[in-house]
Amino acid sequence: MSTPALTRRTLLAGGAVLATTTLLPRPALAAGRIVAPVYPGPWEEAYRAVVLPAVKKTQDVDTVLTPLLALDQVAKVKASRSTPPFDVFLLDPGPVVVAAEDGLIDRFDPSRCKNIANLQKAFVDEWGVAVAAQIVGIAYNPKKVERPKGWKDLFEPKYYGKVGISGFGTTFGTSSLIEISKQYGGSMTNVDPAFEQLRKWLPHVGVIAQNPVAVNTLFQQGQMDVTYTNYQTVSTLKGRGVDIEFVKPDTGPIAFYTTLHVVKNAPNKDNAYKYIDTILSTDVQAALQKPPYNLLSVNKNVPLQPDMPSDLVKSHAELASFIHHDWRVIAPLRAAWIERFNKEIRQ
Amino acid sequence: MARQTTVGDLSYRVVLGLLSTAALLILMVPVVVVIITSFTDSRSLRFPPPAFSLRWYSALFDPVQSAQIHMAAWNSLVIAVAATAISVVLGTAAALAISGRRTWWTQTLDAMFMSPLILPTLAFGLAALMFFSMLRLPLSIPLMILGHVAVIVPFILRTTIASLSQLDRGLLDTSSSLGAGAIYTFRRITLPAIRPGILAGAFIAFMASVDNVSVSLFLAGPENDVLPIRMWSMLESQLDVRTAAVSGVLIFTTAILVVVMDRIVGLTRRIS
Amino acid sequence: MDRALQQGDPAITRPRARAPREREGWLALPLALFFCFFFLAPLALLAGISLRVTPQLEGFGLVQYAKFAGDSFNWSVLWQTLLIGVKTVALTACIGIPLGLLFMEAPRRLQPILLFVIVLPLLTSVVVRTFAWMVILGRDGLVNNTLTALGVISAPLRLLHTELGLVVSLSQIEMPLMLLPLISVMSRLDPNLKDASAALGAGRWRTLFRVTLPLSLPGLLAGCLLVFASSVTAFVSQTIIGGGRMILMPFYLWQQATTLFNWPFAATIGMVLLVAVLAVVTTLNALGRRSRALVHG
């Protein structure tokens, strides 16, 4: 009888070899190493192009970037807190509160980052440091619809069927819905008016995105022509040739800061501080701010002009005058808002 | 025997013809659409594409731009090979024990081993994540392999049991009555006979592992990113048209593999 | 074999006292152990976590289940999810059975090609297929552009993010799961039965409904079970094609686990889904056995 080429034995041997190779310890790198999450999309492109080479050059640290949204980062670390899968967090204000309360963040030691001297005091606290500013407003397709002026315009009949709404799952979503609520008598902690307004408007809905980054996709596909989102998203899509423009709402645009933190029990804590320090440096901040990335800097030495359009924001001082929400107050309320949103928008 | 074609016959043929054409169209159109879209020149998913080019394929194969995708693809491959290998060993052994016998325990085991096909694997994915988290095991490739084995082993079991059921028991009895040991009988008689069945099952299991979302969704991390999760993230977050190119490559590879496997083990015969 | 005897192969000259089959039971042990540790144990843990009271995993009680049961929203999510499964099965069966029949009646040469067409979607990634349906159903996609070009519609239809779009795409994505068991059983049917039916004067429809379908029931049932289970848990397709307004159990589970970090409630949703699917599957199986008894006497 012929011996079959692919016997059970060879399969078994092959499988065993492969299984053991994955268990082998990684070869020690000459340089240091850090695993860092980054928001998928434009952030990832920016960090790959600018931050990775800079960290390697100035600190001799190899970075493994993993694309993950803020909440997903928290979820992953929560699932294995004693051996977290990455060394730093890149978070928006909402998830910061959640992660801090759950004890996932290591207390931040500003003395280990010399570039912090270039930041305003308000940008550093016990948990972490701001690395970029984000502006939230309204985005629209100039070829298909008129320029909206403010939050109330989203519900105008001329935009029926064209507006995209996203929920409280994101920072920009929550902030926008809070501002919408304020237009109708609500406040930072009371979003009932927003829900009222949504309910009235629901028959004319364009599209609703539960996944935060679906905004990009839906806009590109023409499934929606007006929505609220970060300025960053708009500039990235514009750079790709999509017809989209950003509008500062007439009642005032929203600003918040994206922050970096050190994860508790991080395996590469020293390298984490080096990583953060590099991102705060003047060179990197300046490079990240340039088009097409447009990540607003927090470093005093990097003026917002001329990279940013002058009608958007002229200086750091002006940025500070935008609307800021207190996330320590909002965070505990969000879970209930998310669940209520589910119920209200359901088909 | 010749029969007069009645109205019933005609209506039967028309209705069935229409419905089966609809079925064939529905099966084929998405695959064709993806392939065509992968050659689009534009950044959006318009169909028909406004212009054609190979830009997304070249972007896909660019090692700098698509490093993440390459790593995810490599991980998927490694995990699939390892998971399939383990499943073949465990599954073939179990199939030998279960096939043909109808005792209470073989039936229970059969139901248990087949249950991943029926139970919502998403719930299992979450359960696996919680389980490994409680055991303080960091997410890694070996853990992903274990999770995959659980959900792909039913495929191997099914085809191997089917193969075994077609095996002539008489051969085995003859072999043993002639004095052959159990291992010898297995190696020289059973294994060659069921090898095509095992291979067919292994092929399907392999593809199921490469394609698995529900378990990978929960067990994937920065070090063990896998292709379907990467593609889903690319689709949802950036509408990256490279997804179309990845799809094109996957379809092409799958088609070739199916044809090859069909030649080797009569795959299409075996799973029908 | 003869040569081995001549050369006195030790494996053969040893006399065998027992039949080889009896000693094989233990072969199932490795897989059984594997399943116990890496399949049943996690599921048991899931059940355990669903009994915890707070998101910080303290306390024991049926609070989460009470929370699930008390809110009609949750029941409607479950109901809608199961209903999508049923609708997908119905559509898949309606167009899958004719395709199976076509396969059986196709000439021998064409059968491998047909089988290739049927199998290929099964083996292409589910993300790929979902992506395809995005392109087909989108506002600027295949269906809308074709209909506009033909002058049938003037403005694009909304097909994406609707239940119809989801059911149609799910039925394509899951159709091979229906067809393969069906064809497997149909190909084993005795062709004489069909001829006998025709010889006795039954029309094609009658033969179909009285002979072919009842005899194919085991395959049909297996297909229905697989399609149901698979479409109910199809997270990626549901979220991408169904869209944000369609809250179904998989998304709900995902949101609770990774956005709200409420593991106990997420586990509860998982358990409810498991039990619901198991209930449907068991019922269908029982019905199948009864019908099989009816058919075979």
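Chains here go by letter, A, B and C, matching the order in which they are written, and residues are numbered from 1 within each.
Everything below uses one rule, namely that a residue touches a chain if its C-beta (ideal position, glycine included) is under 8 Å from a C-beta of that chain, and two chains touch if they have at least 3 such contacts.
Model, not experiment: these values are computed from the prediction.
Enquirer: Examine which chains touch each other and state the graph shape they make (line, ring, star, complete, other).
Expert: complete
Enquirer: Which two chains are joined by the greatest number of C-beta pairs in contact?
Expert: After counting contacts between each pair of chains, the winner is B-C.
Enquirer: Can you check how far apart subunit A and subunit B are, centre to centre, with Cα atoms defining each centre and the answer in Å?
Expert: 35
Enquirer: Approximately how many whole Å separate the CA-defined centres of subunit B and subunit C?
Expert: That gives a centre separation of 13 Å.
Enquirer: What parts of subunit C, by residue number, touch at least two of the other chains?
Expert: Expected reply: 134, 138, 140, 257.
Enquirer: Could you list the positions in subunit B whose residues touch two or more of the other chains?
Expert: Only 44-45, 89, 130, 235-236 qualify.
Enquirer: Scan subunit A for residues touching two or more other chains and write them down.
Expert: If we look for residues of subunit A contacting two or more partner chains, we find 211, 214, 221-222.
Enquirer: Along subunit B, where are the residues that touch subunit C in the complex?
Expert: 1, 3, 6, 8-9, 11-13, 15-17, 19-20, 22-24, 26-31, 33-34, 37, 44-48, 89-91, 93-94, 96-98, 101, 106, 109, 112-113, 115-124, 126-128, 130-131, 134, 146-147, 149-150, 153, 172-173, 175-185, 204, 207, 210-211, 213-214, 217-218, 227-228, 231-232, 235-236, 243-244, 246-247, 250-251, 254-255, 257-259, 262, 267-268, 271-272
Enquirer: Okay, in this complex, where on subunit B does subunit A touch?
Expert: Residues of subunit B touching subunit A: 43-45, 68, 78, 81-82, 84-86, 88-89, 92, 129-130, 132-133, 136-142, 145, 188, 191-192, 195, 198-199, 202, 221-223, 225, 233-239.
Enquirer: Taking the complex as given, what residues does subunit A use to touch subunit B?
Expert: Within the complex, subunit A contacts subunit B at residues 1, 4, 6-8, 11-12, 14-16, 18-19, 22-23, 35, 37, 40-41, 64-68, 76, 79-80, 82-86, 211, 213-214, 216-217, 220-222, 240-242.
Enquirer: If we count contacts the way the header does, which residues on subunit C are in touch with subunit B in the complex?
Expert: Touch list, subunit C to subunit B: 1, 11-16, 19-21, 23-28, 30-32, 34-35, 38-43, 45-46, 49, 94-99, 101-102, 112, 115-121, 123-136, 138, 140-142, 145, 168-169, 171-172, 175-176, 180, 183-184, 187, 195, 198-199, 203-206, 208, 225-226, 229, 232-233, 235-236, 240, 249-250, 253-254, 257, 263, 266-267, 270-271, 273-274, 277-278, 281.
Enquirer: Would you tell me which residues of subunit A are touching subunit C in their complex?
Expert: Counting only subunit A, the residues touching subunit C are 71-72, 74-75, 78, 98, 102, 166-167, 169, 205, 207-211, 214, 221-223, 335, 338-339, 342-343, 345-347.
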